[in-house]
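You will see two complexes here that share subunit A, one where it goes with subunit B and one where it goes with subunit C.
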Partner chain A sequence: MIRYPPVVLNQQEVDSVTAVNRKKVRPKSFERKLERTAYLFIMPAAILLIIFCIVPMLGSFFVSTQKMGVDLSKAEFVGLDNYTKALSDRRFLQSVGISLKYTAVEVPLQMIIGLILSALLAKNTVLNKLFRSIYFLPVVASAVTVGVTWQLVLHSNIGIFTYWLKLLGMKDANLLNNTSTALYVVVFVAIWKTFGISAIILVSAIQNISDSLFEAAAMDGAGKIRQFFSVTLPSIMPSFWFLLMTRIIGSLQMFDIVYTMTGGGPSRSTTTMVVYIYDQAFNSMNKTGYSTAMSEFLFVGIMAITIVMYIIMDRTSD
Partner chain B sequence: MQYDTAVQRGKAPEKYRKAPFTVRLVRFLKYIPVFLLLFGFAFLLLAPLLWMCLGAFKSDPEVLSYPPKYFPVMNHFPENWANVLKQIDFMGMTVNTAIYAIGTTIPAMFVNALAGYAFARFRFRGKNVLFLLFLATMMIPFQVVMVPLYLEVYYMGWLNNFWGLIVPKIASAYWVFLCRSAFEGLPKDLEDAARIDGMNEFGIFAKIMLPLIKPTMITVLLLSINNCWNDLLWPMIVASKSSMRTLSNGLAIFIGNRTDNYSLAFSSAAVSMLPMLILYIFGQKYFVAGQVTSGIKG
Partner chain C sequence: MKKFLAVMLALTMLVGLTAVGASAEGGKTTVVFWNSWTGGDGEALQALVTKFNESQDEVFVDMTRTTSFGDMLQTALPTKEAADLILLNINDYNRYDGYLRPITDIFENTSLKAEDFSNAYLSMAYKGEELYGIPFQISTYMMYYNKDLFAAAGIEELPKTFADWTAAAEKISALSTADKPIYGSGLFYCYNGQNQSVIQRFGTDYLIVGDEENGFKANLLDNQALADALIWMKNLYDAGYNPKERDIDSMMAAGQIGVMTNGGWLKGSLDASGVNYGIAKLPTAKGDDLDNWALGDLNCFMMTTSATDETAKAAYKFIDWWFTGSGLEAQEVTQNVDYSGMTPNAEWSISMCYLNAYLPTVNSPEYQAEKVLVDLTPSETAQVQMFTAPGTLFFSDAASVQADMVENWVFNGPVNPTYDDVQDFLQNYQADLEDYIAEYYN
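Here is the complex of A and B:
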């Protein structure tokens, strides 16, 4: 056996041999060049986002302290008046109430329907695939199409659903023109349009669960329903929380279906927050400053929900 | 997935053997209520859409008849359609919508993929801060920036033209994330090999890496076109002039709430949905992929 003399290396040589710190080994100019390229690549998107997202966001705080019309020519600084005005505006508070009521009804129903359907549709059979693609269909339809369709379907004279409801014994089936039912119709149509997304997101979460978990549960004698509650449900929790968060945020921002189906009526019973905000800014009085102040409340609410949900998600994921 | 004793004794697993007739019968019977539930949902979903499409072929007296007729007796679509064209500038609105959708989508694919590529493949100072900044823009509700954005567009002189409609909608953090996660999955050797061959960085991006994430790019393409096609709020704000109206915007105004011009409502709603329906039929898996990625990755 040959014996080598001991080799003594200084730190620099050790580094270069083991390449612990590759940054030092690689030529500096090359790193610099890559860094410059990266900035160059990000620049177009970053500039557009800064101009059309971040600046308007910061600008909104300025606009919300102004009393102004559609441009800045007659703008007048009023401090926090718009905010205090909003808090005493009965119609604004009513619209907040309607938005909250809408969210409180829509989100749980949507989640339950999504969960049940995803459990039933998780297997990739031909029939299940067909059902999934049908359920997903309204997602590509515009809110205007959906709004018009449902308006006609529920029309008091010509609507096919109205006719069916009358056959089922509802004498005065005029759901869209009734202040006590119109909001629930909007909830129904919103769920009708989006339950496909919810179901499919949960289906793909279920399909990502390893089969061995189900096999182990089956070995232990768990039936299908027990498996759903003990294996499926805990495994899809991250997707579930995320979906819940996006649904809540989306519901609070409800605009287009309401706008095209009821226009906020009858007698303001479906005027959600965003419909009211839009109306104040661009339809009735052009009170853009005031409407922006109201939208800041929405922003704070959404921020709070996002943060709370992220904390919950963080806790459940580990 | 029940393991019987035969499986435990080492015979072929259950799923590779045909179950006995009685087992299959029981399975079939158990599936009936499930099928009925799924079918009920499918019916509830398709019935209004089908009824609307049939309505496009009916004459006004047929639409108004009581009890309602399900199927049109004769094809009245041509006259309904002529009526639509007489009353609203449907073709002009379609052209506007197409320009808005394509004009936004093509630059969006390029700009956002480029940023996503940089976030996925390069190390640079300030990466995390920039990334957080991008993330933050996704959380801003559109209603908050609506008025300031309108003012910006107004002072740029872009009100009621395509610049104002398109440019603010190009960059989207959501597409950046979608592209970033796709680029992250590609092997490092590819770009190193190209670099050694002397290719410049943009060439590596455009000629080597971008073609490799084609499915993601198709997803971005279809979802972005669909988003623009169905977008209501932004066109309503910046494109209020009648010659600039898009389909959503224009139809919302003409047949929005409380319509009594039924043939107009039926036919224009049915026809305006057609392009997206075709897109969905051919690109269903991409639509689904786009929604699902957002749901899982967060």
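Here is the complex of A and C:
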């Protein structure tokens, strides 16, 4: 092995090197050209993002300050009145509570189910691949189809699931028309529809873990379960946090399955924020301005959660 | 070669994205027609539209039936991409005010005459001097009853009061078995129209009373009739005579409901199911004033500002045909009944059991031969409007409050409620209606 004597700089040399480093290093023309090319390549996507996301978002802030229905020409500027109205609207506050409750139940359950399944199906055997495909099928099904189908399965009169419950002695089984159970039924269906994607993402993360880690753990005497908690879980944390963040965002925006299964009932027990916003926007007198203001609350809430999750992800990866 | 293929693909996509002009169907003027008639009656409506399209060479009606009708309309109207012709509840006029095209000139451009329409209904379609709608369907809520269940329960007379309804419900519910649950009463907890059609027959008057000149007042509290209605309703559910189920229609079609309320759109489903059913007037609190009620919705042909003069004239031709053309021949969608000897408007009324506002149809022998329709025909002074007075801006919001109120009452109201329980319960909803009065009429 070649050893090189350490480089020793005197103070003057140190100062000059530091001064050079402090100067803003201008990229060479070739590097600048590469940068321009890169920006050109991402420009179409950026333009689409600006036109279909940023501009409507800014437009929505404007709409939320208006009292208006369908006709923008009859809009009346009301400042923050729509926001203060939302904060005193008991139905909106109830829907916020429903959304939070829904998220608090659905997300942990889905993550746990996804995690367990991913641990069981991580190896690339034929059987595992088959099961992964089966579990992914509900993900590709249309949410409306899923909602309508489960509505029929759980129908109080003709539903096969209700029939089985009655055979088990639960004669008054009426899961969808019961304010105590309707929300949990919707949670179940939502998990059924989306747990496949959680499992697949985590399977992919597990498959990227180096085998040497498992070998080293095995050599140290760790069993399968200990390996899972000490090797697998820490290794997949970045994917786990990303999945958790997207699931929380998705849960807070839940609409399609709720709307098709229960319409927000019975007695608003499943009326999530988006269901209520939709109701105000498209039913009643088309309160476009007011419903936009409520959606801004949802946006701010999701943004806050996203920032917090990113901070946690950052610290966890450190 | 690759570049050539890429260019051809891009050009193909471009051509495919090009909007189609108005005369898409072989030189005919296309009239885009949207509505939300997705139930059993929708198939018949589609068949009639197809017949119109095939019967002439000038106009093609391109109809879309969808449950997302309201969403589509709301998003398309501001960009003038909505349908030319729509079917709309007259009470929804205020929601789309500014985007509906007056059709006052329809009587000059077709064979239709204003005096041939019932003034009680046509006047609802006027805003000032301008006409905005032609009555298409009067969706009066009716009492559907299962004849076999009535016979099995030994009930010979139809309910004329709500006490009769409860008595019938009790007897019919006693026929229930483990294999086939039977419920004497079939109220929906989730549909405000069906519920209001019975609630208002207790004599409650509108949810908001008054007028713009003298002021409006929320009418929930201190309303004995409303308290009676809610107590009656709750007792039916708590006694087990009425299921807590959104889908009462399918239960009725399966022969599990003794008596229920719904509009003419249920008829097609019941005809197809083979259940032995009858239709009659809904009861009232007193029972001797059945003729004084025709509660329901008036749905009209309306045009939007997305229509051009050309498509408006074409739509007038379709509307004219609706009242003067000929109906469908016997086929599956008509349950093999031949309606070709009558107008589509008459066929629609008779086959779907909707009252009619077009007097030549009402006075026709075919209409007069329909005992149910004649029986359902109300008096000249019957109350026809539900929720709030015609034309009031808070109609939709009041209807939403009622929906909330009834659903909450059914699920969370006290057992064996009293008048005071009702007053306590209605406080918040009274406040909601007062807020809407202030919002729309300052």
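Just so it is clear, the second predicted complex is superposed on the first by the 270 of 318 C-alpha atoms of A that agree within 3 Å, B and C clash if a C-alpha of one lies under 4 Å from a C-alpha of the other, contacts with A are read in each partner's own complex, and residues count from 1 in each chain.
In this text, a residue touches a chain if its C-beta (ideal position, glycine included) is under 8 Å from a C-beta of that chain, and two chains touch if they have at least 3 such contacts.
Only a predicted model underlies this, so the values are computations on that prediction, with no experimental measurement involved.
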_Tell me which partner touches more residues of subunit A in the superposed arrangement, subunit B or subunit C._
B
*asked:* By the touch definition at the top of the document, which applies to A:Leu49: first (subunit B), second (subunit C), both, or neither?
replied: first
*For A:Arg268, is the partner it touches subunit B (first), subunit C (second), both, or none of the two (neither)?*
second
*Examine A:Ala122 and indicate which partner it touches, taking first as subunit B and second as subunit C; both and neither are also allowed.*
neither
*In the overlay, answer first, second, both or neither for which of subunit B and subunit C A:Phe282 touches.*
both
_subunit B versus subunit C as contact partner of A:Lys74, first or second or both or neither_ = second
*Regarding the shared-chain residue A:Thr179, is it in contact with subunit B (first), subunit C (second), both, or neither?*
second
_Quick check for you: in the superposed arrangement, does A:Phe136 touch first (subunit B), second (subunit C), both or neither?_
first
*Between subunit B (first) and subunit C (second), which, if any, makes contact with A:Asn157: first, second, both or neither?*
both
*Once the two structures are superposed, pull the subunit A residues common to the subunit B and subunit C interfaces.*
70-72, 157-158, 263, 265, 281-282
*Taking the complex as given, what residues does subunit A use to touch subunit B?*
31, 34-35, 37-39, 41-42, 44-46, 48-49, 51-57, 59-60, 62-63, 70-72, 117, 120-121, 127, 131-145, 147-153, 157-158, 160-161, 163, 192, 195, 197, 200-201, 204-205, 208, 214-215, 218-219, 238-239, 242-243, 246, 249, 253, 255-256, 259-263, 265, 274, 277-278, 281-282, 288-289, 291-292, 295-296, 298-299, 302-303, 306
_Touch list for subunit C against partner subunit A, complex_ = 70-71, 74, 77-78, 94-99, 178, 181, 189-190, 243-247, 250-251, 254, 256, 393-394, 396-397, 400, 404, 407-408, 410-412, 428
*Spell out the residues on subunit A that touch subunit C in their complex, using ranges where they run on.*
69-74, 90-91, 155-158, 171, 174, 176-179, 263, 265-269, 279, 281-286
*subunit B residues within the subunit A interface of the complex*: 1-3, 34-35, 37-38, 41-42, 44-49, 51-52, 55, 63-64, 66-68, 70, 111-112, 114-115, 117-119, 122-125, 127, 130, 133-134, 137, 139-152, 154-155, 167-168, 170-171, 173, 176, 201-202, 205, 226, 229-230, 232-233, 236-237, 247-248, 251-252, 255-259, 262, 265-266, 269, 272-273, 276-277, 279-280, 284, 287-288, 291-292, 295-296, 298
